[in-house]
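Just so it is clear, A, B, C, D, E, F, G and H label the chains in written order, and each chain counts residues from 1 on its own.
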């Protein structure tokens, strides 16, 4: 069955989603175990695939038994395999977290929530493993539709934000579709690899159609990933949606879009075209710089915990987009590595925000008041995530920054390096502000009046279903930090044939 | 003969113009709906004409039928809509008041 | 905002028009899209490989069956999403916003009679569209929409409760799920029989006939699955939207 | 040949009626009268044109063509049933909404209830 | 019994639709018709007390009525055409509301009458309220036409077993 | 003059851009949520129009095989003598083409003057309509395949893609409408600026 | 050509009218014309789907929502 | 290249205190057991460090690679003379500080002692990690770890003052390390492509141009803000809010010394003295250090709070070390290294005394300390010895290092800087000696008239006083027997002192 692993990655959550939707009406309690089980199975499948990829190289799975340009293929190389593992794991952890929260945050629509959740996971996994440009669009829409719904289940701000997201998301997806259409009109193919072969074979380097296709696809994906000027939909939707929804969407949706961008740049257009023929790398890096700074400044201005975190996502997106356009192997490695590490980091802090919201019912950063005393384990989990976002070794965040900065220096994009550092400092300020509040309490007592035991507020440690994902995420952050060499080796193996080192630019 | 059918199609299309005017100008919503309804039935005819031109009528007939059917559903829905909303608060009434002012 | 919108639009339009000059002529048979082996293969080989004359159906349900499965899932997702967003369970019916004043629904003899006459025929037609997707335009999706429309028509002519007697809410969802299970079932069956996912060719073990027939018949099965889902979800969306989620009375 | 001629005639008449309907829709003074033009002109012209087209199909009297003719006729019947219904539904809706009726002796309220 | 009739009727329609006569498609047709009969047969023939004889009679009389109706429709269109193409002010236009009483008993009869009125010259049914029908008429002439009960009698003959 | 020709050549593409821009503008700058959704649908349909335009070929027909092509194949498989079989099965569509071809050509009709019934000796013998203006692309006539000129039929692939796109469009529309309703339930308005105003003055 | 111009026209109007019901209906016409256009280009299946979806179902969906919300639009 | 052997002892030495965290946390219910865990760990650690001493003195280095974390880059330990010197100082003083902590914390009945002790242990791990790290990357890792681990210590009181202080502390340290060191490090990594292994004579030579080297040097020197070089010094006085054991450790041993240690490492291990000489860029650093020395001494003069005065004194003393390295002459470098130890011993004595004074009498300000010497003679005696050591007067170890520094400055031919040394020594004397003097010989005649009697003394508890006596003794011992320190330092510059 191992040769069928690629399709199983997505079949498990996808079929279970439907099953949950059906069964949920009768036995709502069964939804959660089913969700967990299917995502667990999906993780196993992704791991199997990853191992296969590492052993035998790229897997090409022909869905329906039709050879690639005619049928749809699932094409899994080192990059997708890693991202797929990440997506499945994050979804799994998020699902564990959901257990206690769903009922209260979604007006007793647990089964629907889990069904949508699984569909979102399936959609994202599908996006990651597919090798067909149009198939990607369909899955993009599945992921998008589920996201809209998951967000719209929240309060009224979230609903409005979900609507904005719907409009923006549709624009983004449609631009992508249009770009694929432009490619199709010139190449006649939809398979990613085949498109590139056709582009090269037909000498379409100078074609304005292909250029516009590239612009359309990139801009479309930028909208989807909330790259700075196009980010308007993101903050409110993630900040006010149900915590369960935002704790899966915040880590995954934007990251997967960045993955798609990397995929488009590398596999569809080819780095030579994307970076050499269309030489707008510098502009993009500057845009990324602006995004990073804007995200950081935006985050500084926020009093709402989750909203602050959403602005950080915007900054992180800037990191990755910039990293890709540095046109440097190390930078690209950093961007890809950051996709993985950022997924877990974001998950970690959003889980924390969710737990705090669940426990205190407050949204602003003062909700964490004195939590070191009350919820020490939770805080440990959070601190790992926060340190990672700041970039303190040996967490994953440090190493991604390491590669990104290295890439920036290598390619001479100093502005990017500086922006990255500034953003790290801002993160440090932000997170230490929170840690400070958690440590000192909102109104620090004058002099030596000490806190003895818990105060009047009855806040105790979070339930185990919320702690497990948080600590699990924290552990993963540390693990991928410490074992980053192996991860990077896989990424670099993947990047090797693209020959980014050999002096593009 | 084929040409004749094509011309007939063009004629029908051209005759949509006055109806289109009604859609644009139509003082009330219901005028527009009526015009839409008319265009809907004409489209069914046009579809069959296109089928004739393609020489594949059998392929287009289903299609025209679907069209007629769903157009009917659309206008029934609009009519039911107008039945359900409170006449005193209806758009037409408000519009009339506004135009008086 | 308006100005910004206009600017965006103009820039995008300008870009697109730039590219348009580079396009092959309209209807050019030598354009890459038409002359590449992909579309040519579909046109010339479809019948030989699947014995389905309607290439669109064949490509839809077989060559790109994976896409279509997800297309069905998109519909399903929309249904679940709308239930998730709007549906109010139990007795706590949220009243409409006070500004929405609706009069009681009055039955109308003429409309009702017409609809009674038409509905079975529409349904039959829908099934026909599904069944003949191989030979003429149509297929699961279109048939499903028409079938769903017949229920919508019923709800329009009488009221939503009356239509719900025919298709109660939980049965709708089951129907939708079953549709996808039928579709995915073909895929899983081919997995179990040793082929790739959705590889209908290996289904000869359980479907009579040769490989071509297996393809053709599986496609029909798949289309039926799609039709199930689409029917159910179309009506479900309609009932949720028109009753503001409490499924009591529609338009 | 005869069939061709007949169908041409039918289509022409249909188009003429359609012109009537279209002009009526354009010219008539109020919604109710326009409804007359729309409902009737539309139905009839459609009927005639479809009949013409169907007959044209029959110039090769094969089974397949008969079936196509049958289908076209089916559409015709279908529209003949639905068209008055929707006309009725719309005019009733307009009537209940209280659209004013144009009369020769000046205007008066449509909703006489 | 009715179900069988409905099934056959549907199968006839299927044949017209389908145009494919191999076993495969015919069996599909049988299955489809079976499904529709199972789920929706109650929509047809709401009054099932009538015997088949009467139904058959209705069926026999229907074509005659239809052709008459067709003729009326064409007349109505000529009427509309005439009015629409009158240059200048349309003299004949004189809309009015007419209220008539019918003696038809069955709902289907009323339905047929109302639709026929809608299709025939210058009149549209606005409302059926019990025995009364509210009709919009486009000119004096047609208003008069509606009051005379030729049509009602014809409808009654077809659908309510001959005459008043 | 050249400009006009260029315009006429690619008028579809121009129109699709114009429509798309209308839709996009509505999505970006309309205040009413339902208007935005209508704009979204317009936008999506414009893209579909673009795709369908790609698939169009001059003088090609809808991508469904002719009845006789299908039947011919069946016969061949059954091992009948194809000459008779072909004649026997020649149905109306074929004849209509042939007949039409003897009349004056119509722009849209399939130009089938030289339609001829070929006989192929191989185990799968098929009727082939070979166009006289056969393109220089070698088309595949693989084993078991019909000899079909790819230029005779339109590109089915884009149609398939667009079916999916339409479905996606209607699903998105549905979800959008549901969100709109929910918003109306909470704010009592569907004008975006009013909602934002309410949030700002905010009793949230 | 005529259809194309009609298309632009309807798209424009449906986004201009202030009565949302009219907008929905005109949007129906728009998608109807679109479907006609596609049928003319030979994309039968696409046109079929659009006929089923655009004219019928999405118009009904729009009307349902307008019923439950407001019929007026400020722009 | 020196011969090297592979052994896991450095790692174990580093981990010894980290491993103590777990028992400390587990034994939080019984303070005595907890404290004994600390001591056990402390002695184990010290033992481990000392066990390596002979090997190092024999000219052999000890290496251990823990984990290759990045391609070409690993977390690795290597013990050489400088590291050994620093490790010895840190581990030995930890034991004393622990002892002192018991007295101080229990004396003041501080809260959350377990947390305090645990983080103390973590800080020590980090310090030893820094001391033994073999490459720039490992150094950076432990440097950051130290910053973060000391934050809870600095803000131990959890009051408003602690909050502001902690904020300043962390913002300075983190911002400089992330903002300056990290990019500099990555740049170095990119330029050399090597593992950034510290090497005698540096590894940067030939890889960078003059301008780049200058920028890098500035980034590194100011980036390691723990060294308190102006203008990145103000975290140090701010961190005075911490409990005294922390200040003692912080300012005397762990944190600030880590800063200067890093700077020395950068000078010797990364750039290499020869390379810097050819480049002629260290002068800027030297002048910055000189500026810091003078200014901080002047500020110290104005401070009334004892701990603050000591803090500014620390800033000045640290700059001695940097200045010494920046002079680039062998003797000056040896002096710098020795000064790490000498100053550590002297300064920790001073801080412990300050703490003991606070514990015993609750007095923080110098102006309140008139005549206190009669009540706390032992403490103030130790204080005076510490002062002498810091100033660099006999009979204390401070003289030795200062002597090397001054002669080093002569070697380098920097007369101006020589004057700075002398002037600052005067200033040191001016701000340190009066404290002891006033304590024993108060201005207030009434206080002066009080007779001294052992019975009247109000010394702090034994765990408080004992350590400071020991350190004061150490200061004296180091005057007599400085040789092994100088040997260790000499290993770094190539000839045995």
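Just so we're on the same page, contacts are C-beta pairs under 8 Å (C-beta built on N, C-alpha and C of every residue); 3 or more make two chains touch, one makes a residue touch a chain.
Note that the structure is a prediction, hence the values are computed from the model and not measured.
The set of chains in contact with chain C as well as chain H comprises A. Contact count check for B-G and C-F (C-beta pairs in contact): higher for C-F.
Relative to chain A, the most remote chain by averaged C-alpha coordinates is E. Look at the CA centroids: the one farthest from the centroid of chain H belongs to E.
Distance between chain E and chain F, defined via averaged C-alpha coordinates, is recorded as 38 Å. Chain C and chain D have centres, each the mean of its CA atoms, that are 31 Å apart.
For this pair, chain G with chain H, the centres built from the Cα atoms lie 78 Å apart. Measuring from the averaged C-alpha position of chain C to that of chain G gives a distance of 19 Å. Shared interface positions of chain D, i.e. residues touching 2 or more other chains, are given as 19, 21, 23, 35, 43, 64, 67-68, 71, 74, 78, 81-85, 88-89, 92. In chain H, no residue reaches two or more other chains under the touch definition. Within chain A, residues 134, 138, 141, 145, 148-149, 152, 178, 184-185, 190 each touch two or more of the remaining chains.
Within the complex formed with chain G, the residues of chain B that make contact are 10, 13-14, 16, 20, 23-24, 26, 29, 32-33, 36, 39-40, 43, 46-47, 50, 54, 59-60, 62-63, 66-67, 69-71, 73-74, 77-78, 81-82, 84-85, 91, 94-95. By the touch criterion given at the top, residues 1, 4, 7-8, 11-12, 14-15, 20, 23-24, 27, 30-31, 34, 37-38, 41-46, 49-50, 53-54, 57-58, 61-62, 64-66, 68-70, 73-75 of chain G touch chain F in their complex. Partner chain E is touched in their complex by these residues of chain C: 109-110, 113-114, 116-117, 119-121, 123-125, 127-128, 131-132, 135, 166.
Chain B makes touch with chain F in their complex at residues 1-3, 6, 53-56, 59.
Contacts from chain F toward chain G in the complex involve residues 11-12, 15, 18-19, 22-23, 26, 30-32, 34-35, 37-39, 41-42, 45, 48-49, 52-53, 55-56, 60-64, 154, 158-160, 162-163, 166-167, 169-170, 173-174, 177, 180-181, 184, 189-191.
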